[in-house]
Each structure stands twice: as C-alpha cells, then as structure tokens.
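First comes the structure, then the notes that go with it.
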Amino acid sequence: MNKPDLSVKIGNLTLKNPVLVSSGTFGYGWEFSDFYDVGMLGGIVTKAITPLPRPGNPPPRTIETPAGLLNAIGLENCGLEAFIKEKLPFLGGLDTAVIVNVAGAGEDDYDKVVSELADNKDVDAFEINISCPNVKEGGIEFGTSPASASRLIGKLRKKTKKTIIAKLSPNVTDPSEIAIAVEDAGSDAISMVNTFRGMAIDAETGRPVLGNVTGGLSGPAIKPLALYQIYRVSLKVKTPIIGMGGITSAADAIEFVYAGAAAVSVGTANLVNPAAAKEILDGMEEYCIRKEISNIGDIIGKAH
Amino acid sequence: MKYLKKAKLIENTVITDDCRRLKLECPEIAAEAAPGQFVQVRTWDENGPLLSRPISIAGVSNDRKHIELWVRIVGKGTKAICSAGVGDEVTLTGPLGNGFKRPEAGELIYTAGGSLGAAPLRFFAQRFCGCGDLKCVCGAATACDMSIFDDPVIKSTGAVLTTDDGTMGKKGFVTDALNELLDEKAPDRIIACGPHAMLKAVAAIAAERRIKCEVSLDTYMSCGIGACMGCAVPMSAEYGKPYAHACTDGPVFDSKMIDWEAF
Amino acid sequence: MNKPDLSVKIGNLTLKNPVLVSSGTFGYGWEFSDFYDVGMLGGIVTKAITPLPRPGNPPPRTIETPAGLLNAIGLENCGLEAFIKEKLPFLGGLDTAVIVNVAGAGEDDYDKVVSELADNKDVDAFEINISCPNVKEGGIEFGTSPASASRLIGKLRKKTKKTIIAKLSPNVTDPSEIAIAVEDAGSDAISMVNTFRGMAIDAETGRPVLGNVTGGLSGPAIKPLALYQIYRVSLKVKTPIIGMGGITSAADAIEFVYAGAAAVSVGTANLVNPAAAKEILDGMEEYCIRKEISNIGDIIGKAH
Amino acid sequence: MKYLKKAKLIENTVITDDCRRLKLECPEIAAEAAPGQFVQVRTWDENGPLLSRPISIAGVSNDRKHIELWVRIVGKGTKAICSAGVGDEVTLTGPLGNGFKRPEAGELIYTAGGSLGAAPLRFFAQRFCGCGDLKCVCGAATACDMSIFDDPVIKSTGAVLTTDDGTMGKKGFVTDALNELLDEKAPDRIIACGPHAMLKAVAAIAAERRIKCEVSLDTYMSCGIGACMGCAVPMSAEYGKPYAHACTDGPVFDSKMIDWEAF
C-alpha cells in the first residue's frame, strides 16, 4: 500500500498528520528536540500563555496516582512578551502547526493574547483554554457555563481569522452543551479533555499533597472517561474534535479516532517518554498500512 | 545533548538491604555526564508506575562506556528498578540537569553526603580528584547503611564517616563532622547532597559562615526535562524569580538562592 | 493504647466500624464468607435491588483499564421477592449493618422496594442509587438534577424511619448542589462516588468493547477524583458522607476520612482481593493505634 | 470451600515461546480441586494489572499438595504470572467454578482440546483415567505449539494430535479429527475446551449428532467468585434465564444451553 493520507483539516488549517502534543506537557517544543525532529508532528500546542508572566502555584505541583498524574502547575508561563521574543521563533521555524494555548483571569486577558498574535505569521491557531482547573480567578468558570463560554469565543472570533479551538472542561454534567455553545459562537474545533479535578492526601500527615490543595488528573487513568466524552460530544457537533486524555500508544490514539476525534493530542505520555508522540505517529501510520486505511478520515467516529 | 536510550544492565550489586548499585552500558550518556547530573530511569512498560524515576549519576567508568547508579528502594518505582536483572534493558533519559561547578585549581572543597546523597558527590570526587583539594564527610543513620560508603572512590578521599547513632564511624550528624572541619579551616566551597533536613542545616551553616555552598536537591519530578514546570523550587528574592525548576536550573543550586522557609 | 473507637453514627444507625462494602461488588455477602467472617464489617451494602428481577446488560460487561475497571452490569439482580426469600436471611443473621441498595426505572420502583422493606427487621438502612450510569430508563437522571433527586428522597423519607443514604453521581458539574438538595429532603447520609461514565474501544475492530457501549469506571484510577469530590461536598453538608472510589488499602481509606468521609466503602478492591475489606479494617485499626487516635471521628475532614 | 492463599511457586517450566507450566504448592486448593475448575492468580502488588487472572487447573500432584497451571502469555497479567520465579509467592483464590461432570462407569467420553484448552481436559484425564473410557483429540495451530501436548498424562491417553497447518501430527482442525472419531462410534459425551470458534464448532457437531457435550468457556472475568455479575453468558431459552455466570454456573456448561448466536 502507498503511504496513507494522515492529513486533517481543522478550520482553515491543514495538519499534515493528526498527532498533536498537548499544552503544558511539551514545554515550548525545543525541550524535545534532542530526542527527535519535533517538526514531524502534526502540531505543537504551547503551554498556556497569559498576557503577563505567571509564577505558578507553590510546590509540590505534581504527584503520581494510580496510572495517573495530578498536577497543579497554576499556568506558570513567561508571559506574552517573552513568549514572542524567546519561544516563538524556534516554533515558527518548524514545519508544523503552532497552536498557542491561551489562558487568563478574565475575558480581557484572552483578548489581549489573541489580538496581539492575530497576525503573527508564526502562529497557526489558538487553543482557548476555558477549562484549567488550577487557577482560581477564571478559566474553569468559562468552561462550565455555556453562556460565558459562548460569549468569550464569540468575542475572540472577531479578533482573528486564524483557527480557533475551544478546549473544554470534562468536569461538567454534559460537555455537549458547552460544545454546541462554542461551535455556534464560531469555534472551528473543539479540544477535549482537559484534566479532571482531583486531589491527593498524604495518609501519614492527613494533609493535601499538592501546594494548591486540588489539581487536575491526566494520564492513562482518565482514558476511558475521555473516550466516553468524545464519543458523546462527537454525536452533537459538526466541528472537528481534537481528542486527548491518557493517550500513550498508537492503539490508544486510534481508539480516540474511532470514538470521533479528527486529531489526537499526546499529553502526559510526553513526560513519561520524551519520544512518545513520535512513536504514536509512527504507530498510527503502521496501523493504517496494516489495515489498508488509505485515509485516516475514513475511520473518524466509526465506533458509533 | 540529552539522549533517550535503552541501556544494558551490566551489574546489579546489593549494597544494603534496600540499596543497590547498578552498572549500565550507555556510552552516549557516560560520555557527556557531569557530576550532579541525573538520569530518568524506567525498567517497565505496562506493569509499573507511570513516571520514570530520577536518579543521580554516581560515576562513569574509565572507558566512558558505563554509568553507575546507586538506588534505594523506597516505593514501587525504585523496587522495579532494583529488581532488574543483569542483561535487561533499562530505559534512560539523560544526562539531565545542571551539575556542580567545576573546581578551580587549588580550590578547597568540603563535600557533605547524607546516605545515598553521597552518590553525586562520589562522581564529583571521581571526576575532579586532583583538580581541587577535597575533604569529604559522609553520614548515615546507622551502621547498616555504612556499606554505602564502602566504595573505592569514597575511600580514596579519606572521607570522615559518621552515624547518627554512633553504631559505626564517628557518632553524630554529618553537619557535626562538617562543623569540625570548618572550625579547622574554611574551604572555598561546600557541596552537599542528602535528605532535605540535612541540606537545610548545611545551607544554614554555610550562610552563617559565609561560605559558598552548592546543594543537590531531591524534589518530586515528572518529566525531568523542563517540559512540565512541575519541579518548582521556591527561590529567595535575590534569584529574581519566585521559582526555579529543579530539573533544568538544578538539581544543583547555590544554597543561598533557595527560600528554605518556603521549601 | 486501648483499642480505638471506630464506631460511626449514620442517621439513627450506629456502625460498629467505618468499613462498608460497596453495592455491586460484594454480591449478597455470602460469596465472601469462605474468606473471612463478613459479620466483622461495619456494614454490607447489597447489589442494587429492583422490584422485579432484571437480566442485566449483554456481555461483555466488564473490562479492565489502566488501574480501573469499566462495568456495565445493568443492575442484574434477582428482584425484591427473591431477595427477601433467598438473600436477606443470610445477611440478617450477621452482626453487621445491612444496607439495601435501591434502584429503579422510575419513582415507583424505588417506592416499592423501600415500602416493602420499611419494617423488615433484617434491613438497617437504604442506599438510594440515583446514580447508576448503566441503565437508560432512570437512575442517572435523578442523580443529575437537584429537583428530581430532592423529590425522590422526600417521597422515600415518608415511607421509612430507617436510615436513608443517597448515593450521588460524580458525573455532574457540582455534586454539592445535589448533596444539599437530598440533605434538605431528609437523607440521613450521602454516599459517593458512584462510577464515572467511561467507555472502551477495541483498536483492532474499532468497536466499543462493552455490550452496553458505555459503562462506569471504578477502582484506583478514580481515587483522586473521588477524594476531591468528597473533600468539596463535605464543606457544604452536615450529614455524614460514606466515601468510596478506588479504596484498596487502609492508607487509602484513611485519606478518605481526612478528606471528610465519616465511613468508607470498599468496592472494586473486593473483586481483586476477596479479603480486601477485612485487611482495610485491620489496617485502619492499626493506623489509629500507631497514631494514637482514640476515636476515628477525631480525624474526619481534618485535611481541610 | 474456596481458599485465598499465598502459594509457593515450585517449578516454572518453558513449554513453548509463550507458554509456561507452573507448579504451585497449595494443599488446600489441591485437595478440593475438580477438573474444569479454575483459580484466580496474582503475582503482583502495585506493579501489575488491577484484576487477578483466571487460569484453569491443569492437574494436581499425587500427594495432593500441588497444583499445576499452564499459562500462555497474551498480555500484561499472564506476562507477570509467567515471569514469577521459583520460590516466589503467588496469590491464589480457588478452587472456583463448576467442573465437568464425573464420568460414570463405562461412560465413553471424547475430549477435544484446542491449544492450552487441553489443560482442564488433562486434569480430567489425570483424575478420571480408568473411571470411564477416554479418547482424546488435541489440536494446535502449528508445530511450535505441539510441545503443549508433550505431557505424560496426555500421552497416556493416546491422544490424536492435530495441527491446522499440518506441520506436525494430523493435518486439520481438532473438529476434523473429532468428526472422524464420531464417525467410528458415538460416545456418551464430548467435553471440550479451547478457543471460542472451536467450541462453537464442537457444540454444533454435538447438536447435530445429538450427543451430550460439555464445554469449558473462556469469558472475561472480574471477581471469579460470583460477586460482580460481570461474566454473563447468554443462554438459550431452555435454560430459563437469559444469562448464566461463567464463574459460578460455569465455566463448564452443557453446550446446548448456550446461546451461541448471542455469545
């Protein structure tokens, strides 16, 4: 068989393959460039960018749980200005889509980051993080109410022609409601899931382990939950879904595609094995060849 | 350059009930490793913990083909690592982090190692013996742990050995023995690695005596390569930023840059 | 130290110790009696009972996931009549609290089971399952709307003087809302969490693994999520919480107590190790002795 | 009575690339085990899968102190089980489930085992050899798997050995060889264990020839003790209930009670 066609269209952006790397788990890309050519990926999603630098939460910020990772980083990042100056040039030089994850404490923060980068040639898309469980001011609030999610996305839609991806919170009764709201408001795609709210307690001391008390759970533990949410939401929206949550192997990634994801994103697995995303991409290609799937698009949502 | 490699386990030696010395074949990492750096270690695929485990490099063979790790079994990751068999493949990422500053000619350095914290100091002694003037103190809680220091490199430094309970070596804490040395003569630098409480005490001693001091910190790490921002270390005002990251800015830090109260 | 006091009051029921076993993971008790004296437990929660027998869902009904178990049993049970005749006598003969888990397709079903058992001397309490993710007709609906949860509990409250425990769904934006609603409606206690909605897909075939397509996730994977929900809800309600979700060891159980649970319940761990609940009880006692905790009540919610 | 025991691993023998024969010391289970019953097996604490794994009892030592298990590595649980070392403790729950009916005096029984499905049939032959009249067929996909049947008990039954590809023994499926036997003479009962497709085929043959047939099913199990209702097997109308439970009602079932279309 010829090489399968793995390309995917997300809004007006064509990804050369469906393997992205998730925000907060891939630094700004260059951290992984000793291990493989990160330009081979479908896209790189940056750590959340806020207008000003954020110091992040007090440690401990991460703790391993059974098959999972709890984190409460608190959106530590260098801020918009340093991002443009120090991080973006490397990303812009790669032959891969650069997706900037945007976060903030209020609508203005999101607006500022998107407006500033709206015409930047090194940026291909925005992932709007309306679902971070680890900052108290905002983020998660947008993600749990269809009305405020819709208002935020609607506002940002007016600021840029670039692809907008809304990143949903899984910590809701029905993620489809928010998905429909952001789709109607002009989001080109949806990415899900962000982390599930969780916490760890030290049995010896009786105290919460994380400096931030609560955190967000990622990794293989949440894979069945993420698959379910994507399966369910993909029945309700027409925009493509970028699926993530515990993807560790090519088989995992393929399951997300069957569930309804047009592209997949590798998160925690990058922290475990720095070559994870490359291995998953290679494995997906092998899978398509072995199964004689000439176009990955043919199997999207086929578990339905 | 950082490498992700499958390394062959060449030796797995019992040091104490819960400590093992591992010798691994990994020329790429061995060639570039500097004392104070560490590797991320995995010996499992499915049947194990999620994250890799950070372990200091305790030495490099003369031919720069092998690295040595000293590991204490404290939980499921270190248990799996220590039960790897000779000939098994071990996944390593490294060398990672920033090591100790290279000694300058004639620099007088005191090293203080608590228990397995002696591992990176041993690599320092191995690599730089002769470059500076080294005086070493190694402390353990009790006699059972003293065989950790039964190592040619450590012996060659003429290290002072202590146990907290006096069951072997000098009775007292590492810091007591360090203080005795300091009372004799002030060095140009102290370098230390060991349990948190010990490092804090060493940092306080160094601050009081106004001696330059580097400590190698043991923080909880996820990625080890600067990607997750998980390994935050609270820093003092002087550092300029509220947090540093142990895996890229450290694990070796100038002790006066650390906000020991918050840490 | 003397033996610590492990007893707990839940409504008008005193449990001799805080270790229960969860509905659906302990059969009807006798299945475990070859392994230890199950009468030593604080209480036994039965498999969900419905007025009529239910055949359950088509297989496969369970599948292991990373550190978790997905199930879609579909409330298979022998029905109320056979339960009273065949299962209850054994349970009634034990020196432990017998808690009947009640489920149904509509309010009438719940009403029927509770009314019928309201004066049965072998029954000590009812756990009202308003949160089963694996039956389409009802269950989960009550669990996701404060109004309907409140109406159902209010109705059942009138039917019995025995302790009523409402079992909440974790698949909601804010479980505190439902907790407050059922507390106001007269529930004596809250038990949480039931399973998280999830699914598994077979990468080779692209098809859902479970006969029921979707299922509920339990086991160590969900422990951080359960701890968080209990921590959060315990700030909002005064009624005792029975905490569960991935408890596998005494240390796990102790963490739930610190998070805010007055009692704990062992579920999936029983399936993994039939002596799990006994070992956890023994371990909790040892913990209290080692830490000189004379009354387990002293540490409830102390992580706050 | 069911037991939960730590059993000592006495032998771990390589049968094929991916199959092992384990001998475990567990007098309680050995004393009460009947052919067709199984045990739940665990060799891990933290570093392993969640659930225990069900494995048929392949035999019991003459002194009834040991049980034998034949295990094929197909995933992480069986991989962990098969890498247990001699002397290790293995956690067993058992004996579980209902076994094959005891043979009546003079009963003519044909056994059909596909690959490792031969394990419970081997125990049947070991236990009941002499009680009835036994003719055995054992089939494997290819020659590499034939060493599974290289066992004194199986040999003593004079079993017909087949391979699907004809690389060893008779060429063809187990069912072909079974049909040949059946053409010669109809037995009182067929008992079978093996892959799903094979059991389905055996059940169809038995139904057509109106011969009583017992099959030992391999279903996904969680608890193995009747607590979770996870191991549902769709049953025919005749059975009276839509589902039976493999771990308590089975794993051995009368083949005509099973709804093979739904299963």
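The first chain written gets the first letter, and so on, giving A, B, C and D; residue counts start at 1 in each chain.
What we mean here is this: a contact is a pair of C-beta atoms (placed from the backbone, for glycine too) under 8 Å apart; a residue touches a chain by one contact, two chains touch by 3 or more.
All values derive from a computational prediction rather than experimental measurement.
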Chain centre separation (chain B, chain C; CA means) in Å: 47
Mean-CA-position distance for chain B and chain A (Å): 36
CA centroid of chain B to CA centroid of chain D, Å: 53
Multi-partner residues of chain A (each touching 2 or more other chains): 67-68, 219-220
Residues within chain B bordering two or more other chains: 49
Chain contact graph, described as a line, ring, star, complete graph or other shape: ring
Every chain pair in contact, whichever chains are involved: A-B, A-C, B-D, C-D
Residues of chain C defined as touching chain A within the complex: 65-68, 70, 144, 171-173, 196-203, 206-208, 214-215, 217, 219-225, 227-228, 231, 246, 251-252, 254-255, 258-259, 287, 299, 302-303
Contacting residues of chain D [partner chain B, same complex]: 44, 46-49, 76, 79-80
Chain C partner contacts - residues on chain D that touch it in the complex: 1-4, 42, 49-52, 91, 93, 219-220, 222-223, 225-234, 241-243, 262-263
Residues of chain C touching chain D in the complex: 24-27, 31-32, 34-35, 47, 55-64, 67-69, 71, 73, 76, 219-220, 268, 270-275
